[in-house]
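One chain, subunit A, links the two complexes that follow: it is found with subunit B in the first and with subunit C in the second.
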Partner chain A sequence: MKYLVLIAYRPGGWEEASDAQRAEWMDDHNRFHATVGSNIVAGEALAGPDAATTLRHKDGQPTLTDGPFAETAEMIGGFYVLDAPDLDTVVEWCRILPKGYSLEIRPCISMDMSA
Partner chain B sequence: MTADLDRIWRDEWGRLLALLVGQFRRLDLAEDALADAFEAAARTWPRDGIPANPAAWLLTTARRRTLDRLRAEAMAARKEPLLVVDARTQEEAQRAMADPGDGPAALTDERLRLVFLCAHPALAPEAAAALTLRLVLGVSTADLARLFLVAEPTMAARLTRARKKLAVAGVPFALPSAQRLAERVDVVATVAYLAFTAGYAPGSGPDVVRAELAGEAIRLTRLLRTLISPYDDQHRSATAHLDALLALMLLQHSRRDARVDANGALVLLPDQDRSRWHGDEIDEALTLLGPFTEAPSPHDRRTTEVLLQALVAAEHAVASSAALTDWRRIAGLYAVLEERAPSPAVRLARAVAVAEADGPQAGLALLVDLDESLPHSHRLPAIRAELLCRAGRGVEAEAAYQRAISLCANEAERTHLIARLAELDSGQPRGR
Partner chain C sequence: MTTYVILLPGDEDAWAQTPAAEKQQGYAVHEQFANALAARGHAIVGGAELQHSRTARTLRQGVVSDGPYAEVAEQLTGFYLVQSDDLDDLVDCCRILAGVETTIEIRPTVDHSGTAESTDPSQKGPRS
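So, the complex of A and B:
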């Protein structure tokens, strides 16, 4: 099964962190990659919400606005798509990631586009 | 006949359900099919006699029903999400069902798997509690609704959502790894205690005690204790936790017949008729607690919390009358508990014990900082009122009782508080 792991954290965390802290976070991600290996289908770090642009349709017209689609206390900073047999496996892997993260774990579903 | 079938239901439901789930990977179909099978048994066994192997009969019937439903779904081109069950488990379940023999051969720890499936942290605790009782013990949706104080369709919807979440999110029908076992047992224990407290002291509604739900939670905890033993670590941490939990439940449960009087009104602990306490349950609990006090060893925080609460309950249980209660000892236990796991509820309980041991002023002193932490609790003003009363501070006591009454949602407790206020007003405080 494929799972999306959305990574959220308090904005500014990285900028305010010490070198030692940043090194620790990098370590966590490295261990994550080493453990999960080829079960990582995709994964990216994201530029901050300041760099986001949102597209919606208003009155039938596509409209762009500056910023993320939701202003929240935590910002989405990255994601992984993982291939795992079950939820418990994903959770076990996610425990390796930095403790300051809030992680939303969502199963991907297959949409039958042919019907 | 009904008694026989009831017994078979209680003993076999969880195990048979687990086998069906293992093969067919569908909670909803498994439950429906097994329920249908029991219904069929209720209809045909009085006529044809109880089969030589009742469990096998039920399982075969349920299996047939499930296959019928699956065929119907295939025709309707419906696809329900399946539970994650590894191939080997599925094969074992299939074999276990195909081979009648002397009884359905066990799938390895099928019931334990079921417990860990439903009492999973991915479910909200209340949903997990209801689903666990339903799937592992076979408590009906109607009974669950009544016991958790919701309408039946609400409970049915809650269970459906929970089943769906388990399947869609891929919660496995499997035992947790050895490394994670104690942690997961913790979650199950929380679920069991949630079910127990829902029966023991409901927050709202007229009943003081719903002994049935508490009894089912105890049954669940017993089952879990039995099943977990082979998997426990060398320190027997999971078993220790469950022993302490079971002791606590038994001690609280043992008082069920004394908590209400003939009119259904609440009877507080000091006023309870102790001859109505269930001595056999108390004895069992004390036996469970023995090893903890005879050979104390360090336990994880959660076990320590439960153990301390059980030891407090044990102090009450061994006192043959309220006057003989060792309040100093209880206050000491609460002091330790407050150190390990501080909470406003613990502080409240400690204040009561200290008041009994050292007088109402000492107890009141401990209540001073609590209003912020417990803004909606009726228990805080109620206890404060009681202690103010004992300290001869009638005017303040009255105000506190009024506040408690305005905050209390449980009818039985509310009635009791109103009566206490009336006693106070009439200038006849109860002698202590």
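So, the complex of A and C:
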């Protein structure tokens, strides 16, 4: 089963962190990679929400706006797609990631759109 | 080439109640979208449809709770990862999804291809 792990963070958190704090977060990611290994199907860091474009359709008419689809206290900063036997395994893996994140773990419907 | 994530937020309850035949029409539109991307030089490199957000678990400060990280009107229902050289044309292709996807967010990813761990989403940490 594939799971999407959404990495949500408080904007500004990275900028305000000390070098030591950043190094600790990097170590967390490295440990995550070492532990999860080839079960990481995909993962990307996203550019900031100001780089997003949102396309909405109202009554069939498209409207383009700058910015993310939802303005929330925590923004999506990146994600992983993980292959795991069950949700509990994913939760245990995610405990390795930096504590400052909010991590939403959601099962995918088994209909892979990738090539 | 930039890799873009295409986020598909929407009304999950409405989709859950959609009859199977109508869902098939929705999937057919996604197939048209995929075909158009391929024909116009964009490459789908990943993506998935997500299960309902009530099946999500959120890990915050080491504490696990049920449900999504944010209570918003439109929950994420799926996403694509697309490599493209032409954001404007990619946005144009997204218009094909009108009717089945009311809202589509297109966002560039941060390029880590020069690093050893190119699958790490936070090699340089999250940015705001």
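Going forward, the second predicted complex is superposed on the first by the 110 of 115 C-alpha atoms of A that agree within 3 Å, B and C clash if a C-alpha of one lies under 4 Å from a C-alpha of the other, contacts with A are read in each partner's own complex, and residues count from 1 in each chain.
Simple rule for what comes next: contacts are C-beta pairs under 8 Å (C-beta built on N, C-alpha and C of every residue); 3 or more make two chains touch, one makes a residue touch a chain.
Small disclaimer: the values here were computed from a predicted structure and weren't measured.
Asker: Please tell me, clash or fit, for subunit B and subunit C sharing subunit A in the overlay.
Answerer: fit
Asker: By the touch definition at the top of the document, which applies to A:Pro11: first (subunit B), second (subunit C), both, or neither?
Answerer: In the superposition, A:Pro11 contacts subunit C only.
Asker: Quick one: is A:Pro107 in contact with subunit B, with subunit C, with both, or with neither? Answer first, second, both or neither.
Answerer: both
Asker: Answer with first, second, both or neither: which of subunit B and subunit C does A:Gly37 touch in the superposed model?
Answerer: Touch partners of A:Gly37: none, neither subunit B nor subunit C.
Asker: May I ask you to name which of subunit B and subunit C touches more residues of subunit A?
Answerer: C
Asker: After the superposition on A, what does A:Leu87 contact: first (subunit B), second (subunit C), both or neither?
Answerer: So A:Leu87 meets both subunit B and subunit C here.
Asker: Identify the partner contact of A:Ala52: answer first if only subunit B is touched, second if only subunit C is, both if each is, neither if none is.
Answerer: Second partner only, subunit C.
Asker: Across all Cα pairs of subunit B and subunit C, what is the smallest distance in the superposition, given in whole Å?
Answerer: The answer is 5 Å, the least C-alpha separation in the overlay.
Asker: Take the contacts of subunit A with subunit B and those with subunit C, and give the residues found in both.
Answerer: Shared contact residues on subunit A: 87, 105, 107, 109.
Asker: Can you list the residues on subunit C that touch subunit A in the complex?
Answerer: Result: residues 3, 5, 7, 9, 30, 34, 43-51, 53, 55-62, 64, 68-70, 72-74, 76, 79-81, 87, 91, 94-95, 98-99, 101-110, 112, 117, 119-128 of subunit C touch subunit A.
Asker: Where on subunit A is subunit B touching in the complex?
Answerer: 1, 3, 84-88, 90, 92, 105, 107, 109
Asker: In the complex, go through subunit A and note every residue touching subunit C.
Answerer: 2, 4, 6-9, 11-15, 17, 22, 25-26, 29-30, 33, 40-49, 51-58, 60, 62, 64, 68-70, 72-81, 87, 91, 94-95, 98-99, 101-109, 111-115
Asker: Where on subunit B does subunit A make contact in their complex?
Answerer: Within the complex, subunit B touches subunit A at residues 84, 86, 122, 168-172, 174, 176-177, 180.
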